[in-house]
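Labels for the chains are A, B, C and D, by order of writing; each one numbers its residues from 1.
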Amino acid sequence: MPVVLPGEVIQTQHKTIKLGPGLQQISNPEEKTAMTVTRAGTLEQNAKGNQFWVEGNSRRYVPAAQEPVIGIVSARQGEGWRVDIGYAHQASLDGLAFEGASRRNRPNLKVNSLVYARVSLAHKDMEPELECFDAQTRKAEGFGELKGGFLVRCSLKMSRNLLNPNYFLLPLLGSRFPLDTALGTNGRVWISAKEVKQIIVAARCIEAADPDGGGMDQNAIKKFISTLDL
Amino acid sequence: MSSRIEILNEGGFRSDGRRQYELREMTFDSTAQAGADGSARVAHGLTEVLVSVFGPREARVRAQTLHDRASIHVEATIAPFSSTSDRRRRGRGDKRTLELAATIKATFEPVVQTSLYPRSQIDIFVHVLQQDGGVLQASINATTVALVNAGVPLADYVCAVTGGVHAAAPMLDLTSLEENDLPHVTVASMPRSGHLTLVSMETRLHVDRFEEILRLAGEAGPVIHKEMRAVVRQRTKDLLDGMGKGLRESNPAEAMIEDE
Amino acid sequence: MRPPSPSIPEKDFFFSALDQALRLDGRDFLEARPHSLSFGAELGHVECSLGKTRVLAQVDAKMVRPEPQRPFEGLISIHCELSPMASTEYEPGRQSDEEIALARMLDKIFRRSDTIDREALCILAGERVWHLRIAIHALADAGGLLDCASLACAAALRHFRRPDVEVVGANEVIVHPPALRAPVPLALHHTPYCITFACYRAAPEPSAAAAKGAGAGTVAGQTETAPRVLLDPAGLEHRLAQGMLHLALTPQRELAVVHKAGGLPLAPGVLMGAVQVAARRARELEAWLDVRVREDWVRKKVEVR
Amino acid sequence: MIIPFSSPPTLSSASRFGEDVSEGEDFYMNDGEDFEAERATITSPGESITSARAFMRGHGTYVDSDEVVASVAGIIERVNKLVTVRALRTRYNPEVGDLVIGRITEVRIVALACAIENNERRKVQPRRWKVDANARQDAVLMLSSVNLPGGVQRRKLESDELQMRSFFEEGDLLVAEVQAFFADGAMSLHTRSLKYGKLRNGQLVSVPPILIRRLKSHFCSLPSGVDLILGLNGYIWISKHVQDNEKEGEEGFDAEAVYSNQNDDIDDATRTAIARVSNIIRVLASRSVPITDAIVLEAYEWAVERDSDAKDLLLGDVADALIAAVTTKDELTEQW
């Protein structure tokens, strides 16, 4: 994974590519697909080589469409809510963007409650919008209000790690005690388990494994868990 | 210069003739400002503070409206003529004034039952008219009485008193002469539980001495409470007496209600 | 933009953990976060960390004319800066309320409590005195900023040395460069340490777990129905505190500042319990600080006097 | 005996009300002991009233460690198991059906984005006035709750929304009735009656709300051409008498008169009478005497008899004499 700096130009052979965060398309007279880097980090691409993005250690979340996020309801607004997702601006969540919601039957979210939602609109000139269902199927698919449990805040890098099914931490924790999680890409992870102690252990492990915090690897975490009171 | 003054003489008297634990005379006036919902002018000796309370009323600043309780807004002013040593005109941004206001706000926020008045605002205006030590103490006591007079629900009275130590001898209710020379503590307590809502000290004092003052101030709290309570009860009684005078007119009204 | 308040699940979880006598970072009630110091190249340049909270303190001195009404006393000024660097909660520009409160508290702890011998800062009465300027920069705020800032300030004052000066004749002042004459440490009467407690209402029904916690590490005089007192609150503990108590003490068991403005009412016994805990901690911090400062002086080859 | 909630506090013996109360210990109701209705019991914040096991807490109280504790200074009232403390000086506490006098503080014609700017919990409510009625929040007067010129049954048009200020604008006084409450406790008013609407030709006197009681009618006409409106929120309107036939008539309801901002001609005699009544009310309020049409009338007759100047009424000795005159008679008639 090459380290790239803002301003670098990257060229590929692929005709149709998808650009992720940290990259911008530039017009190219030679008919070759080219992009410029806007953020420092490591350049990543998928196996097929037609999707690119820059992985960095920035702390401020910038929403991108279809990303799952955890938000805190900050106010009621007309038919919906305003939600803090850790971005520079508040996102809006429509009261009808829930499974089974209708004009008569809208979910009742209180100010300061937690929601697990998907970014449905992320445009640089507009306020981000969220939805708590799949717009096609109108099914919740796990989105909605998060009740109980605890919210852990971590770095953006860590939240992406946790979303990776091959990452060791959640299976490791899961082997010790059953737990529910909701993973947001905005550096927020919601954990629920039976015991308060278990949630605290999970929260401390996430913090310890966070590359921006303790940065422990699998073995270190194993040792760390054994020192904790479970 | 002030160190030449004898704080406590051999006979056990202080510079103004009081004994160690003697409080200055307290006077309360609940009729100080008719335009306010509640007001009180409280004097501890030569220290005098006027507090006016408005509200709960419609919040003037929308952005500060709280959806689940009333917001409390405190503004303090120290009159330039209030002190002989420091005739300064203190503007709105003056640190000492701001701190006084912030302290009063923090002290009363948990005491006032604000959750009964969502989206409203309670304004407390504190005017220090004369200072001779114990400004914070007088301001808190005056605010308590003003809030009670305004009919604002409180969990309890807040009774404040200042204590100091002179050569291992603790004393209460310091004048500014004594405050300048002695380490002093302002303590505000709630008589029902005896718990302390405010403890503020800015001068150096040994832990053991501090404990002694804390204990003394704890004992002085109920004394001040008794005075305040008597004043409040007297006022309530006076108002009630006046209402009794409208007796004859009230009867038809009562009859009417029973008819309904 | 005002930061969002903690969400309902965070709040509920925090208090249910508290009911079981658990803190979110695994500490005991009266356990502080680890603290560390690092010294910069110059004397009086200190970076202090308390958990994830970090503060930079820098002391410098220059010669000025004293105030006419106090010709024998040096000047001390404390400057605080809370920039958005420390936390997203702080806005650039305008002085925030937190900044004013921090500056006021540091002023009380170090200036009003006569920590520094001002008369020792006098060079030539009415003509020349030292002006000590203490700059505090918050680098990261994860709760307990005041404790961290005061520790950094104390360390910087202890670490700092001013150039040696000599008065020749009537009003000629010679400043000796550090290379020729060892610089002089400040004359400090004492070193206050600020210690913060967060208070929470007593558990609704004292459970077995809470009773266990009461035995493990709680303020003396704290019974099951008494409010819970946490030393060195961090993050959520800070934001959800129902009352805060700031104490500044010298290692000689002298209180320099007591600041409890409003919040949860405390019984005098609980307050005194907290004072005793703080007194112990002040002594520990003093011993630790003394060792660290001397180590650095040795490393910098400063003559220790 | 049940003390009516809305009635003045246990007046039957307020004059006898003992000295022991002020110095005595906390009044404490025992479980079995019957509450003495004849004695007004004064309490103040933080004082225990009774056990929370046997009684229910009402307004002005809270529960602390199994006791009902007062949170305001006032008198204890009990209805069955409900214990309340009534403060003698407080803001107006509205009830549906109350007649109030208010002042317009804000005209909100289009409520664009108002929900966004202040985290509004209510739904967006366009077309309304906000009215200060001495309560803890400003009251709301909806455009749909007022009578518009052109008959009671007229439909509201969009043009009405645009000319809301021509009906009521900031600073206007009005008399209205409390219609309902919003979820957050703010009251909603209406003026859909010919009795209600904009006020003119007079002056406003503000007294503590507790001094105004519920009467058969809050509109009274005094001889000498003065009308009195006693708002339950403590605002009292004293104005020139309007002939009944002038306000009557379904079709005679014309915008000119109802929403006019112009005072009629008021002759000197009426002006003097209005001033006299106003000062009488001020004097009564300053001595905490409940204000009713009867007592005002009596005081007015006394003042006319003495032929005292309106402004002299406020002088201490005249005021005392007035109070003595209107209240001594009461004691004579106390038996009934």
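FYI, a residue touches a chain if its C-beta (ideal position, glycine included) is under 8 Å from a C-beta of that chain, and two chains touch if they have at least 3 such contacts.
According to UniProt, the chain labels map to these proteins: A = Ribosomal RNA-processing protein 40; B = Ribosomal RNA-processing protein 41; C = Ribosomal protein S5 domain 2-like protein; D = Exosome complex exonuclease rrp4.
Just so it is clear, the model here is predicted, and its values are computed rather than measured.
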item	value
Of all other chains, the one whose Cα centre sits farthest from chain B	A
Chain nearest the global centroid, as defined over all protein CA atoms shown	B
Maximum inter-chain contact count - chain pair	B-D
Between chain D and chain A, distance of the C-alpha-averaged centres to the nearest whole Å	57
Whole-Å gap between the CA centroids of chain A and chain C	37
Whole-Å separation of chain centres (CA-atom averages), chain A against chain B	52
Residues of chain A touching at least two other chains	74, 111
Multi-partner residues of chain B (at least 2 other chains)	67, 190
Junction residues of chain D, two or more chains touched	119, 121
Interfacial residue positions of chain A with respect to chain C in the complex	72, 74, 84, 110, 112-114, 146-151, 190, 196-197, 199-200, 203-204, 228-229
For the chain D and chain B complex, residues of the former touching the latter	4, 6-9, 11-12, 14-15, 17, 21-23, 40, 42, 44-46, 60, 62, 64, 69, 71-75, 87-91, 105, 117-119, 121, 130, 132, 136-138, 184-186, 210-211, 213-216, 287-292, 294-295, 323, 326-327, 329-330, 333-334, 336
In the complex with chain D, residue positions of chain B that touch it	37-38, 55-58, 62-63, 65, 67, 70, 113, 117-120, 148-157, 190-192, 229-230, 232-251, 253-254, 256-258
Chain C - residues contacting chain B, complex	97, 100-101, 104, 108, 112-114, 190, 242-243, 245, 249-250, 253-268, 271-272, 275-276, 279
Chain B residues within the chain C interface of the complex	95, 98-99, 102-103, 105-110, 185, 189-190, 193-208, 210-211, 214-215, 218
